[in-house]
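Working notes, structure below.
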Amino acid sequence: MSETAAHTTSRTAAGVAPPRVAVALGIVALALLILPLLGLTLRAPWTRAGELVTDPVVRQALQLSIMSSLAALAISVVLGVPLALVFARFDFPGKPFVRALAILPMVMPPVVGGVGLLAAFGRRGLVGRPLEGLTGITIPFTPAAVVISATFVAMPFLIVTVESGLRMVDRRLEDAAATLGADRWTILRRVVLPSLWPSLAAGMALCWARALGEFGATITFAGNMPGRTQTMPLAVYLELERNPEAAYLLSFALLAVSVAVLVALRERFLTAT
Amino acid sequence: MSATVTPATADMAGLDAELALRLGTLDLEVAIRAQPGEVVAILGPNGAGKTSLLRALAGLLPIGRGRVTLDGRVIEDTTAGTWCTPQQRAVGVMFQQQLLFPHLTALENVAFGPRSRGVPRHDARRRARGWLERVGLDGAETARPGALSGGQAQRVALARALASDPALLLLDEPLSALDVDARRSVRQLLRHHLDAFTGPVLLITHEPLEAITLADRLVILEQGRIVQDDRPEVVARRPRSAWAARLVGLNHYHAQVEGYTLTLDSGATLTASAAAHPPGPARVTIHPRAVALHPSQPAGSPRNTWPATIDALDIHDDQVRVHLDGPIPIVAQITAAALADLSLTEGSRVWVAVKATEIDHWPA
Amino acid sequence: MTSGRPAHGRRRPVGPAGDGVTPLRSRVRAWLLPLAVVALTAAGCGAQGDGAASGRVSGELVVFAAASLNDAFDALGDAFGDEYPDVEVVANFAGSQTLASQIAQGAPADVFAAANTTQMDVVAAAGGLSAAPEVFTTNRLEIAVEPGNPLGIDGLADLTDPGVQLVLPAEEVPAGSYARQALEAAGVTVTPSSLERDVRAALAKVELGEADAAVVYASDLVVADGRAEGVPIPPRYNVAAAYPIAVLADAPNPATAAAFVDFVLGDQGREILAAHGFSAP
């Protein structure tokens, strides 16, 4: 038995155990991540859940959140998938720059995004001013603004996931399909999309979860009006000041959705490829 | 070009391709013809341009200049500006890695070609079923490619290529990814179907056995140029390049010949039994079996003898290939029994003897 | 016990008795450094209360003040700092309901200045005050519109016009509660486009041009600096907003806190508040 060799690892039945330092730090990390979730679960006023869930403010917020996040998802798919295709398959001058810009909302603080949306689509905005002048339509303070805010922050997630999925599609399969006589549309439909589906599904789930949780850009650009622009996250924020118990419950509801998304995506998220 | 090329026939049936292209460091320039029903094997070292040639003929790779006709139909002509898409070319391709569509069943894979060309689903499937039967896979219709073995997958790939009724068949190293047993059975299958196929066939391979059993003609491609285009037996006897010689297992040298004397590049000389008129550059080949090994300097008739050291030994069944280092590097083939009798191992010193009559040479 | 060598093969130093140093001691040693770091950091956090220990007016003073007090309290903080150079005033401005909630969650603050007594009562009810609050200033409401009043808004009644994008502070915000009072008094029912989390956020929407009108404090328009214009609300509908101020029970720096409250209530404080559009209490 070599006692001098490998004296910082120990053998367990399952194989070599990880170094103690890694385990200790890992426990701290887990605690940081899990304790808030645990706290929410334990503090949520389960006994009052029934009356809180039927509260009209809560129901309106829930309805608005679901409708707007699904709308944002739909727009993201329709606009984001073609863009991801362009990024994955084509080169053009300035591509790295353009691509970075398209992904920027993902890393930008959402409030900053909200201010940017105002600058573009607000009544004095780049697009908003001519829009109001010509059609009388204003975007802020409307459910449309909620959808735009959510799309702005969530679409990059879809683009990035789909783009990487497209890169993983074997181009040679497309070559094979071409030699067999399939035109470009058939190749897209029968070869590319079926291969792409797992990435697309993952991208959609991420996109939807992000849209559902959007707060900073929404409150800045769309404002806050129950029934019209007050989504669940906004309701939680304001409930926290008025009625902390309800806030815990609403938070838990949103948390449950996030966990569900993670569980559904576990294969894609938690494995290397 | 000094290589023999199948003469063009008047009716231009089959494949007639002359093309040049550049891809990275590859500079490819070839002229190749294949008659209907003829199987042409394309061999060459890595990077020679074999796969690029195939892809160019399939329309998957743009060519710099050239003209390709198939059964009289011009499918590509750079001067006239014509170019047919892969879809329009009616070229069937069998890829090295099969490239079966992973989310479709074997049946759907084979039916893909006909369906893409507009054949109704029901008919396409019926046709596909027929082909699967012909490649011996009628039980595997509903299997996904992931569930098939290498050999089975290649059968499906063949069926898929043939089901779309191509005018030209291109096979890119169809056996190299298979294990020995699968290789044998798929080789037999290919033999059967290639014989039955009415159009021309180009088959890329790096296995001489494959080439010899399947092909009517061998084309040796090296560094983008065709160095030899001959029947297999001609190539086996008179390979035109060092690589080709290695492929068919012959010792190969460049030399200057004058009279009976061959002066190799290294400066060493050999004496041949046939004189060369006139003197000049020549290629020299010696079959490994013609190389005799002696424990000490032999007396008697052999005029080509020299001392050498054994560099390496390759043992296959009862034959041993002995790689020898010396004034003339050479490979000898002896029996395992002989090896044991002479107590030879790596590093042993021996005398090499080659009969003048066994030295083949011809003008380079 | 054998030689004391653990199964994994780590070599332990051998103590004088030759039987191995007690594992406990070396384990304690391993944790000593991180614990020390944590302890020092915690002590450092508590070190803010220097001034408390000595009773001197010095150190850092954390003031939680209603959003409408933003500019006024910045000026008050500076003036207080001029008088007590050892003091650094740090202010947190937000809707009074947000601040009350933060205090309830344990945010470390010395002084709380709210825009209405309701939110101060919330803190008091939780036992968060060290002494009774005092009203230090009053305010009244005004309608904020874009410079030039392009829509020609005259009074509260004009806010019902569907062509007017109106924003109000949310109901829990003191300004929002006051606004609803005024609207009710005027018999006006409005449909706002948004309910903002503090009065300055509502004003900002008008300044940005996103909203046509907002109900804010008169003091807010004094410091709006031309970015927004005020339309007065007649006294019979208007409210007299009373702003209380108090030292918090858990104040880290109570001596300085008390001095600050006295300052705000004193002449200099009153002057500064008046200059910012506030009225005498």
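The letters A, B and C name the chains in turn, as written, and every chain counts its residues from 1.
Keep this in mind: a contact is a pair of C-beta atoms (placed from the backbone, for glycine too) under 8 Å apart; a residue touches a chain by one contact, two chains touch by 3 or more.
Keep in mind that this is a model prediction, so the values were computed, not measured.
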Number of hops, chain B to chain C, where each hop joins two touching chains: 2
Closest chain to global C-alpha mean, per-chain Cα centroids: A
Maximum centroid distance from chain A, chain identifier (CA atoms): B
Interchain centroid distance [CA atoms averaged], chain B/chain C, Å: 83
Computed distance of Cα centres, chain B from chain A, in Å: 54
Rounded Å distance between chain A and chain C, as computed from the means of their C-alpha atoms: 32
Junction residues of chain A - those touching two or more other chains: none
Residue ranges of chain A in contact with chain C within the complex: 1-11, 118, 122-124, 138, 140-141, 219, 222-226, 229-230, 237-238, 240-242, 244
Parts of chain C lying in touch with chain A, wherever the complex brings them together: 5, 7-11, 95, 97-98, 100-101, 165, 167, 170, 172, 192-197, 205, 208-211
Residue ranges of chain A touching chain B (in the complex, touch as defined): 170, 172-173, 175-183, 186, 190-191, 194-195
Footprint of chain A on chain B - complex, ascending: 55, 58-60, 85-87, 89, 91-93, 95, 97, 99, 101-104, 112-113, 116-117, 160-161, 164
